[in-house]
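Some structures to go through are shown next.
In what follows, chain A forms one complex with chain B and a second complex with chain C.
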Partner chain A sequence: MALDYKLVIWNSFKKQYDKIIAVSMLLYIVVFAIVTFTFNPESSIETLIIRAFGSLAIVMLHIILAIGPLSRLNDQFLPILYNRRHLGVSMFFAALVHGGFSMFQFHALGDVHPIYSLFASNMDYNSLINFPFQVLGFLALLILFAMAATSHDFFLANLSARVWKRLHMLVYVAYVLIIAHVFLGTFQQETSPFTIGFLILGFITISGLHLAAAFKERKTDSNKTEEDEGWIKVCTVDEIENDRAKVFKLANDRVAIFKYDGKLAAIHNVCKHQGGPLGEGKIIDGCVTCPWHGYQYLPNNGQSPPPYTEKVATYQLRLKDAIIYINPNALEEGTEVEPVYF
Partner chain B sequence: MAKKEFYVSYVEGSLGTKTKVTLKRFVWICLGFTIAGAFLFSFFQKPFKNSTFELTNTTNITGTFHQSPYPMLRVKVAEGTYKNIVLLGFGKSSANPYLDNLLAQEKDLHGKILSISGNLIYYNGKTLLQITDAEKVKLEDQNGKVPKKEFLGEMVFEGEIIDPKCYFGVMKPGFGKIHRSCAVRCISGGIPPVLATTDKNSIAEYYLLTDLQGKPINDEVLSFIGKPSEIKGIVDKLEDWYILKIDPKNILILNKNSSIY
Partner chain C sequence: MDASQRKVHRIIWMSVAIVVPLFILFSIKDLHFNTAEKKSSPVETASQELVLKTAENEFMKTILYEDHVEIILKSPLKNASSIVYTADTTGKPLKIIGQITASGIYNFDIQSAPEGIALYDGIKQTEITKILF
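After this line comes the complex of A and B, so read on.
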């Protein structure tokens, strides 16, 4: 958490994370170049750059897309999610090298503007086999640019978490565009069952991980509740671990009920920073701590401790015979609620 | 119950032992995935041709200029043997604008001897020259002999329309779907369209395309570039080149893979 904006708030973990990204990217390019010039020595440098960086961006995109569901399936992956933006920006730069070189090679130094040429050189938009695949790659690059350019917390705070999240969910549109770009482009000419199989396997893995994560979340949402005179009966005190929470779905909202220091408190489950699941967080120094980036909220009023200003909605709880009841009507964000003692 | 690990970036030492093990495994798996990707995507590329573009070398050649109908230089390579070098401009453009200075002095350059410095492009017996500066085109004080056309008759070919600049050296690959947009730009910019064909014995031949009157044809063939096609036309032999006079309406796009791959 930080009050002012810095380009990157470095810590040892981030430095190590970025070193691994840089070394892996370099390794990819070196391996690609060695294999190409060993088995295909007539290749040109330009083609090598276009192909190496394009395929690197695709490999990185698969890893990026796997991190989200892996973190939902196993919280030991959360530290990777914490710094995923650095991986995303690095992937954008790889894609930019691919796109920039391709744009120059194929569309620059001609009789029309390169952007016009991109859209108008091949007008077979009504044909699948002859489709102008470069347009798909260009649109994907625009999305990746928008994501990379707004990846900083400054934009997150100013666009609002909801808008920012929606913008960054466009990564799935970019993924589809990139897959179509490759299948309608290079795979039409450079057909190999191994490279095609690699991307199909990647698609199956990414889809499988997302489905598994969704299934797990659905199980959480099916935590049983029962209505009793306007209050919802949720669980017993023993069912919640100390300094942890249990999540329940009330109407359209997920609510996290925390147990700490002999008290119970309920707050809205969604972190104001990036929409992280607060119910998977922990009470640290008396504050609910988000598992994604460590944003904190006081459990009794849903407010971030001063000088921070984030607020989430709170809920009233009632305890009867060690059974917890919750009032499903959310209180205004940051409203003080007397914790329930057990 | 075992204490669950919980990592917070700003809390020193919060990265638990089990989490560290998981992260290390993840990094190794990703590294393996990355190396496998690099190997597969590089190893399974189709072989590139040994075509050459001497981007950083400048070569000076002297020969007889003729437009048949595209600008070419007829160069003597041995006694009684001549090579016709196709002249091209910088980037995706024709050589014609680079000759304007000389045309201001001489009304017609056809048959004049020119000395030109540029970058050679060559593959499979064909040579082209990229001119990057009009100042590097010099008019010599002599006239030369232009090649004679030999009529061969009407023929039908299967092949692909390519731009010769990229195909013969500048790009790899310089044909097919991957390269189509670039070839469209080159031919639209004035580079002569060429039909590349391969016969049953994998012998390649190349035909400079013109209209039925033997005039340059560019915009009319743009929609056929990079697609395997059947093309009917009248063939003239021009020493080491063939010229194919066509009516673009007779180009038939074939739904098959190109044999020039």
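After this line comes the complex of A and C, so read on.
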């Protein structure tokens, strides 16, 4: 959380993660080169670079796509989510090296523009097996570029969290394009059951994790509600841990009811930064702290502590026989609500 | 994420989980995984089996045996992708039997004796060379 924009907001944790990313990428490239030159010593350096960085980008993309659902299924993965953006930008650079060298080797040495050559050198667009697979990789690279270029908080703040999130959900389109790029390209020529099986296993893992997380979320959203004079029954006080929250669905909104210092308070569950789940965070220094990037809000009014200006909606609570009831009508963002004491 | 974004996520992944496996199935159903590609000494092979035909050009020498064809690639090809096809009497590619990379000796299993062998660039979709028996 910062007041002004910096190119990269590093702290000791982020520096540590970034070192791990850089060293892992370097190690992968070195091992790939050693294996290639051991089994195929006449391989050219251009081909080595194309294959090493292409496969690296695919491995990284799988890790990136796994982090989101893993964090929703198990909060022990949340610290990795905190650094996912740097991993994404690093993956884009790996994909860019792959795409750049491929463009140079296959399309830059002719007498037509490389982009024209990319789209026109193979016009078999009606065939599945002979489809110009490089076009698919190029389109995926454009999406990854748009995502990397807008990954900074400056764009997040100016595009709005909703638009920014929709833009970055294009990573799923890029993922499908990349799968098609590999299956219609390399795998048509390198018919190794090992590499094909590896990517199929990766796809099953990623789609399985996303579906598991989606159905877990759906279960949370489908909790039945009981009404009492317009107030909705949530749970008993004992069901909420101290300094933690219970997430409850009201119409289309999720609400996080926090228990802290002998008090209860309810705020909207969606963080203003990147839409993180506030109810999965905890109270730190008296503030609700988003588990994704550490944005903070005061539980009694949903406002970020000064000088920050983010605000979320608040809700009225009522306690009757140790059972918590909530007024389903959200108050204006940042509205002060008297906490309920228990 | 808000409710609509969660719903969009769920719909996207349910669609992907259905469409992508179908796509993968159709894209690999005609691939030949069981073609054994192995390198061995030509002397060793020749001493054990009957040679049916041989042919040679500037790129390669091919030796046809009853159940496999041996290709001796004389020097590395410039093409990034070199797919080996059986060919008809005109040199037209018929069926993929494997691929070659560095110079050396390659052996590919075959079902029946082909009229020729064609090397094809899988990326540029162009013929590299062909050889007729």
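Assume the second predicted complex is superposed on the first by the 338 of 342 C-alpha atoms of A that agree within 3 Å, B and C clash if a C-alpha of one lies under 4 Å from a C-alpha of the other, contacts with A are read in each partner's own complex, and residues count from 1 in each chain.
Here, a contact is a pair of C-beta atoms (placed from the backbone, for glycine too) under 8 Å apart; a residue touches a chain by one contact, two chains touch by 3 or more.
What you see is a predicted model; the values in this text were computed from it and never measured.
Visitor: Do chain B and chain C fit side by side on chain A after the overlay, or clash?
Guide: In the arrangement built by aligning on chain A, the partners chain C and chain B clash.
Visitor: Between chain B (first) and chain C (second), which, if any, makes contact with A:Thr150: first, second, both or neither?
Guide: A:Thr150 contacts neither chain B nor chain C.
Visitor: Check whether A:Thr335 is in contact with chain B, with chain C, with both or with neither, and answer first, second, both or neither.
Guide: Neither partner.
Visitor: Now for A:Leu78: first (chain B), second (chain C), both, or neither, which partner does it touch?
Guide: In the superposed model, A:Leu78 contacts chain B only, not chain C.
Visitor: Name the contact category of A:Tyr172: first (chain B only), second (chain C only), both, or neither.
Guide: The answer is second: A:Tyr172 touches chain C but not chain B.
Visitor: Kindly classify A:Glu190 by the partners it touches after superposition: chain B alone (first), chain C alone (second), both, or neither?
Guide: both
Visitor: Using the touch definition from the top, say if A:Asn122 reaches chain B (first), chain C (second), both or neither.
Guide: In the superposition, A:Asn122 contacts both chain B and chain C.
Visitor: Taking the superposition as given, does A:Ile200 touch the first partner, chain B, the second, chain C, both, or neither?
Guide: It touches chain C, and chain B stays clear.
Visitor: More residues of chain A are touched by which chain, chain B or chain C?
Guide: In the superposed model, B touches more residues of chain A.
Visitor: Output check: A:Leu211 vs chain B and chain C. Expected answer is one of first, second, both, neither. What do you get?
Guide: A:Leu211 sits against chain C, while chain B stays out of touch.
Visitor: In the overlaid three-chain picture, which partner chain does A:Ala52 touch, first (chain B) or second (chain C), both, or neither?
Guide: first
Visitor: With chain A superposed, which of the segments 5-13, 23-31 or 167-175 in chain B collides sterically with chain C?
Guide: Only one listed stretch clashes with chain C, namely 167-175.
Visitor: Find the residues of chain A that appear in the contact set with chain B and again in the contact set with chain C.
Guide: 40, 42-43, 47, 105-106, 121-122, 130, 134, 185, 188-190
Visitor: Considering the complex alone, what residue numbers of chain C touch chain A?
Guide: That would be residues 1-6, 8-10, 12-14, 16-17, 19-21, 23-24, 26-28, 30-33, 35, 76, 80-81, 83, 98-99, 101-103, 122-125 of chain C.
Visitor: Mind listing the chain A positions that touch chain B in their complex?
Guide: 1, 11, 13-14, 20, 24, 27-29, 31-33, 35-36, 39-40, 42-44, 46-47, 51-52, 55-56, 58-59, 62-63, 70, 74-80, 82, 105-112, 117-118, 121-123, 130, 132-134, 185-186, 188-190, 192, 194-195, 198, 241, 244, 281-282, 284, 289, 291, 293-294
Visitor: Which positions of chain A touch chain C when the two form their complex?
Guide: Those in contact with chain C are residues 40-43, 47, 50, 105-106, 121-122, 124, 128-130, 134, 162, 165-166, 169, 172, 175-176, 179-180, 183-185, 187-191, 193, 196, 200, 203, 207, 210-211, 214-215, 217-218, 221, 249, 252-254, 270, 275, 277.
Visitor: Contact residues on chain B for chain A in the complex?
Guide: 1, 4-11, 15-16, 18-19, 22-23, 26-27, 30-31, 33-51, 90-93, 171-173, 176-182, 184-186, 188-190, 223, 227, 261
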